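Input: structures, listed below.
Below are two complexes that have subunit A in common, paired first with subunit B and then with subunit C.
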Partner chain A sequence: MPLLNTTTRNVAVVPVKHYHEKVIDHYENPRNVGSLDKNDTTVGTGLVGAPACGDVMKLQVRVDAEGKIIDAKFKTFGCGSAIASSSLATEWVKGKTMDEALKIKNVDIAKELKLPPVKLHCSMLAEDAIKAALSDYRIKQSSKDNIKKND
Partner chain B sequence: MLKLPRVKFCSLVLKQCWNCDENLSLTSAFCNKCNKLQPLNPDYTHFEVLGIERNFSIDTVALVKTYRNLQGRFHPDRYSTKSEQEQQFAVEHSSAINKAYRCLLHPVERALYLLELADQPLHEGQIDMEPAFLMEIMEVNEELAEAEDKETVQAIGQRNQEILKRLLRDADAAFSAGNTREARSVVAKIKYYNNVYEKVREYEREHGILD
Partner chain C sequence: MIPLINHSMKTVRGIRVGVRLLSCPATHRLSGVGLLFHSPVAPHTLELTSLTRCTPYTLHPGLFPRGSVCNYTTEMDSARYEQVSDETLDSLSEMLEELIESDASLSDSDVLFSSGVLTLQLGASGTYVINKQVPNKQIWFSSPHSGPKRFDFQDQTWIYKHTGETLHGVLEEELSQIFHTQIDLSACLYARTASQ
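Then we have the complex of A and B:
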């Protein structure tokens, strides 16, 4: 039944085509999956969510004394684009200073991964996660300083 | 000659049968005089298509009955010997009935649709989820991803069902009180737990637990 075969093959190909190969690469070989100790004072944790799709993304950075991001990890439960966006975000923030990392914009992530318009919010989530992680780190540092002052 | 557009005072008064020009009744899809099927009102909500009250809480058993009854009356097969117009209208009615039924049968879809009708769809604008809530979602997802046996997965599924049940009750209360803001934030939570539910179902399907 050659005709039937062609039809099934077409159907099977369609969903894959939604994702660009870069997204598939990050989805299949995600970089930096895992967790850092969230109670460590050198670690900043960003936890963000996209309620419309029920995605949740955790991005963590470890910052050294010079303010440089020396490690990054993520865990994302969501669609392929959300996983790829956060995977790429961890790759990009590593080795950057905090100020440099804050300059990473969702459009850069979306451009790199060739995300379609309906998936732009996934790259937005990754940008928010970076910001949230760095803000958590700063809050931890300032409260640590306060404790020192009070001692 | 200058042709003036006909002024519509009220759309209900001016709707007439496409076949015999008789004024149409508001509630019937058929002409009272010639009994021909009329086009579907494009402004109808899913609730109006099925002729049920706009509510979050609906009787799904009754919904199934209503659906079957309506499909019995509007299915295009019933119009195969009728005029081309009526066949076309039957296709419109029938597909709207299908769409409405599929949407309203599932409580999550129904909730999302009600938010859309209230002009506050979930996918537009920001909803701030509390960090503690996001942490909880992260943890249950991790637990599920690391689960090694079906007992663990089913225990997670069971717990998740309880949470969903409670949230659906909260959503019902918010929708009934006309508090869309509150409803929207509850529905956002439901969406997260529903994803967990879907994952548990997927696991069960893959392991042949589900019939």
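Then we have the complex of A and C:
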């Protein structure tokens, strides 16, 4: 009997009940989780959020010589919506030019994931992460010498 | 974001001062004033702490290259944050309740305020959520029309640093469109900057 009880408890999905199925899909099968070498000059790293608020999002992009984003990875510590937003963001930036990627707005992410009002902040965090990653890449490109000194 | 070079000299009074540099190489450091370290969570953020002995503290823009972009944040203490944010939301929710009651054309509208979360439901016009975000001493705002914004308490009111807009200003603008009449929230507590 105790065994049966445990099984029943594991099957219950109460914590994810109110998330839209798209959020659950990204949460359960996150795309592009991982890291790129942050010291690589073709990689831009964006780190946004604050540990104190419970959401930290790292998004990295690899940009080729033509300015196209050829790879993207993320790691997110946060709620289901934050994870889904960053997962979706990596999916969307891949194959885009930097300018196209900067046009991705929080509302697009929120709409796609059907985020409720209180979770719009998660999509904003993902937009900020894209911007931060691309800005980091640009800084690296414009000051490669400084970066070398830094390391 | 304010170009640092526009501030010839800035005196910041407060317990803690954060200097955030964007598009500035992480090699630049302030020296000899407090303790400066690279934030582990944001590589291009420089945080300045241990200022208790040197307040009021003066930032010298000469330490940063021309064209640097930076943000100053002065952090208030927790008790003051609690008081100010509670009073802000209390006062705002009272005003919004009056507003909704005065307009009979809006069906399904409601104002709910509990545990630091103010929800304004406006039927087909969507739902606003305005809440306290205690860890970073902000008020978070989510609009069905303009999306999310995070407001910091500066100059006696709540300001969105990216654009300089105020919480009450944004609400007035959006609600005026929804209600098709000029909405004035200036009677709310902390609705305007000290200079206004």
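Operating definition for what follows: the second predicted complex is superposed on the first by the 125 of 151 C-alpha atoms of A that agree within 3 Å, B and C clash if a C-alpha of one lies under 4 Å from a C-alpha of the other, contacts with A are read in each partner's own complex, and residues count from 1 in each chain.
Throughout what follows, a contact is a pair of C-beta atoms (placed from the backbone, for glycine too) under 8 Å apart; a residue touches a chain by one contact, two chains touch by 3 or more.
Just so we're clear, the structure is a prediction, and the values are computed from it rather than from any experiment.
**Student:** Let me test your reading of the model: by the given contact rule, A:Val107 touches which partner, first (subunit B), second (subunit C), both or neither?
**Tutor:** Touch status of A:Val107: second partner only.
**Student:** What is the contact status of A:Leu120 with respect to subunit B (first) and subunit C (second): first, second, both, or neither?
**Tutor:** In the superposition, A:Leu120 contacts subunit C only.
**Student:** Could you say whether A:Val56 touches subunit B, subunit C, both of them, or neither, answering first, second, both or neither?
**Tutor:** both
**Student:** More residues of subunit A are touched by which chain, subunit B or subunit C?
**Tutor:** C
**Student:** Applying the touch criterion given at the start, work out whether A:Ser135 contacts subunit B, subunit C, both or neither, answering first, second, both or neither.
**Tutor:** second
**Student:** Look at A:Ala65 in the shared chain and tell me whether it touches subunit B only, subunit C only, both, or neither; answer first, second, both or neither.
**Tutor:** In the superposed model, A:Ala65 contacts neither subunit B nor subunit C.
**Student:** Of the two partner chains, subunit B (first) and subunit C (second), which one does A:Val48 touch, if any: first, second, both, or neither?
**Tutor:** Both partners, subunit B and subunit C.
**Student:** Just checking: does A:Ser143 make contact with subunit B only, subunit C only, both, or neither of them? Give me first, second, both or neither.
**Tutor:** The second partner, subunit C, only.
**Student:** Overlap the subunit B and subunit C contact sets on subunit A and report the shared residues.
**Tutor:** Comparing the two interfaces on subunit A, one with subunit B and one with subunit C, the shared residues are 47-49, 51-54, 56.
**Student:** Which residues, counting only subunit A, touch subunit C once they are in their complex?
**Tutor:** The contact residues of subunit A facing subunit C are 45, 47-54, 56, 105-107, 110, 117-118, 120-121, 123-124, 132, 135-136, 138-139, 143, 146-147, 149-150.
**Student:** For subunit C, which residues are in contact with subunit A within the complex?
**Tutor:** 22-23, 25-27, 41-44, 117, 126-129, 131, 133, 135-136, 140, 142, 144, 147-148, 150
**Student:** Can you name the residues of subunit B that touch subunit A in the complex?
**Tutor:** Subunit B reaches subunit A through residues 122-123, 127, 129, 131, 134-135, 137-138, 141-142, 145, 188-189, 191-192, 194-195.
**Student:** Name, in rising order, each residue of subunit A that touches subunit B in their complex.
**Tutor:** Listed in rising order, the residues of subunit A that touch subunit B are 47-49, 51-54, 56, 58, 75, 77.
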